[in-house]
Amino acid sequence: MRSQATALRSKDLLGIEQLTPEEISLILDTAEGFREVSERPIKKVPTLRGQLVINLFMEASTRTRVSFEIAEKRLSADTLNFSASGSSVEKGETLIDTAENLMAMQPDMIVIRHKHPGSPKMLADLLPASIINAGDGAHEHPTQALLDAFTIRERLGRLSGVNVSIIGDIAHSRVVRSNIHLLTKMKANVTLASPPTLMPAEIEKMGVRVVHSLDEALEGADVVMMLRIQLERQSKMTFPSLREYFNTFGLTPERLRRANGGAIVMHPGPMNRGVEISSDVADGPCSVILDQVTNGVAVRMAVLYLLAGGHLQES
Amino acid sequence: MRSQATALRSKDLLGIEQLTPEEISLILDTAEGFREVSERPIKKVPTLRGQLVINLFMEASTRTRVSFEIAEKRLSADTLNFSASGSSVEKGETLIDTAENLMAMQPDMIVIRHKHPGSPKMLADLLPASIINAGDGAHEHPTQALLDAFTIRERLGRLSGVNVSIIGDIAHSRVVRSNIHLLTKMKANVTLASPPTLMPAEIEKMGVRVVHSLDEALEGADVVMMLRIQLERQSKMTFPSLREYFNTFGLTPERLRRANGGAIVMHPGPMNRGVEISSDVADGPCSVILDQVTNGVAVRMAVLYLLAGGHLQES
Amino acid sequence: MRSQATALRSKDLLGIEQLTPEEISLILDTAEGFREVSERPIKKVPTLRGQLVINLFMEASTRTRVSFEIAEKRLSADTLNFSASGSSVEKGETLIDTAENLMAMQPDMIVIRHKHPGSPKMLADLLPASIINAGDGAHEHPTQALLDAFTIRERLGRLSGVNVSIIGDIAHSRVVRSNIHLLTKMKANVTLASPPTLMPAEIEKMGVRVVHSLDEALEGADVVMMLRIQLERQSKMTFPSLREYFNTFGLTPERLRRANGGAIVMHPGPMNRGVEISSDVADGPCSVILDQVTNGVAVRMAVLYLLAGGHLQES
């Protein structure tokens, strides 16, 4: 399916939940063009020259912050990094005051990561700048789901009808929520597996199948998406030990044989090797984990470009 | 009054104390031109292209650091951020050695914030680069006073004869010292009010009026400038409680009625809502607090531009 | 000796040990051209426009990180700073996973500082990007040795036959290892002096002379290179007190008289004034310590330029 939309309806990207299938396809198609820019000797286009993007990261992040910053620079935007430490946030300023102050400096876009679900929406309602959600608590992480979809489409040629199994810490994962929204909208079949303590109640209402073992999840999968055990987000251990977790839900080459031929293995990173995934699989022939990272830059360039386009037309 | 000066006399901006009224007007007039740049779709001019500005922030800061960095980028300068943490300052290097080392890398300008009063002057005497004081202890914060003056002039059309009341923690505030210098030079009438423990002795010698209650200060004011209670700068609490402070010196809509019609309310931020100012006032129709932030970028562009001009003529 | 090489053989700069004398001369000659760029009003050339350089600093650093960043910006590269704090490294990610993730975002070069000797080589073997070692444990710090050599050549006109005495904490210094490799390759005569506890066994095998007192080392020296007492790298004090160290190995104007006429004094910084060097010497007429910093930018521009050239030819 090629995109029939020519622009995004919103000035913001708050989540996958608000996007139509046509908008998702538009972002993925646009990202294909930008994927090529990163292969050139001069990896830069003048698209966002003179535009200011503020990266407002109130939670630690490596790849997402770096990936956005690279995407912004490849589009020739001016970028400004703002993190909680060493800022007036430490002096007790509220997020709204911080945001209104940043807005008063007239940025064109704000990329925000924040531990509280809904913070990006709060900013989007308040500020004229385009807001991009780079992860809000356990709510959404839309650019991660888009880069995952881009990678699946690149490898398998389509999203519709693909069997995607997502395994691990479902309860604490914004990645899985965004992926469920995206994959079900694009008519992929989603299966979830996790220890019972890490599976939210009534998640089936989101249009997914829930199974109770790794083997069951792998059976017939075209895509195996392993989630990070978010130790830092759990107030207490919800399973007996990391070793026990690996024995039950860790992906090994042997177990992976239950998946369909040509199945790909994904992980949003950073990986806990030997916990949710063995190194043999992470570095093995089925792994597309580093492709995901590469595609992340292209997808973020596409999002920035499309939102700026909408924004420029408005003004 | 329009400016009759055409350049700044010094290579540095260390404080308002050293500026003439003509120089102040020159900076404010120049800022008006740059205010317009930030309204364009391409918010950038090539003025400082190829010039290197180092932002040397030895104290935590949000809006000032970000505001300078945006100003520098809008002028197309290369910017480099340097903060105390993770640096050789932690290995015990002196400020002079740090500064001489940075200077050896041939920056054109250094923006410095430091807890010790006089640090910017020490660097200015030592180094050929232009030094801009972004706040030195409780001494001066000249660009804050300039953006405040820009905002008053923009709203009230003049500085001369305007009644400005500054209320709050006078003793610990570099903002108030720079504002007193600027406003008295420009022939505004300055009134100060604070709890007795937060009012420096003999401050009247600076040409200001001291009153002892908020109501007295508000009576007849055209501009009401509320100061942040700098809890982090006080070694111990100098008033019984924050609630008591708010009851005595906190600005509410009711109290504000004592000010003149058309009076504006200012705050250098970050605000302690419910301590020195109620949210009703902060977000109300008289508040120009976010205008101050917007104007800060324009004023800093003007300062950078004028100092670079002087500097380029020298070399 | 002018360079006869026209390119570097490796895509990486891991250490001086792997360079030929011709390559060293090529870098120094190239740096002379870039030294001039930093004297221009517009201190910028478009050489690396559209190239992405990641500064991966896993250890605290001032001058090296800043010097590289300025060099990158003067060459018009896009730069991205990545440090350990606030990153997925804190979530337990391995260096290889971090590096592979960064590589997936297709940088052209990675400048790395890391506490583990050999980390740059590990990345260089794994990644197609050019890797520049900005200091790996007590192993090598090649750009420091190159800027030292540039400074000696600039002041004394040659490296061959020059008597260089290096004094201080030999055992913990990557700077001294890189300098020994460079200076012996370029046929300078190297003398080392330190307290016995700070002198590695069998270091004479590297082609240097070891003496046991400061006076002996200074006798006949053309270049006196004082090393920082790396207090942060020593697990325990290896000499009785800092005062005792200064009395025995600290450089004073009186002691310096034993050196040859026209001798120069160097220090890689940051200095411990009153420990390894007196302020009279550090700020005196023989000191070239700030020249070293200035030359550091030019040398790093040369390294970036030459590695990018090799890299561009490959692709």
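For reference, chains read A, B and C in written order, and residue numbers begin at 1 within each chain.
As a working rule, contacts are C-beta pairs under 8 Å (C-beta built on N, C-alpha and C of every residue); 3 or more make two chains touch, one makes a residue touch a chain.
Small disclaimer: the values here were computed from a predicted structure and weren't measured.
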Overlap of the subunit B and subunit C neighbour lists contains A
So subunit A and subunit C: same face meeting same face, with over half the numbers shared, or different?
different
Rotation, 0 to 180 degrees and nearest 5, that superposes subunit A on copy subunit B via CA atoms
120
Counting in whole Å, what is the centre-to-centre distance of subunit A and subunit C, each centre being its mean C-alpha position?
40
Send over the residues of subunit B in touch with two or more other chains.
none
Note which residues of subunit A are touching subunit B in the complex, please.
49-52, 54, 78, 80, 82, 86-94, 97-98, 100-106, 312, 315
Give every residue of subunit A touching subunit C within the complex, in rising order.
38-44, 60-63, 66-67, 69-70, 73-74, 83, 85, 232, 269-273, 290-294, 296-297
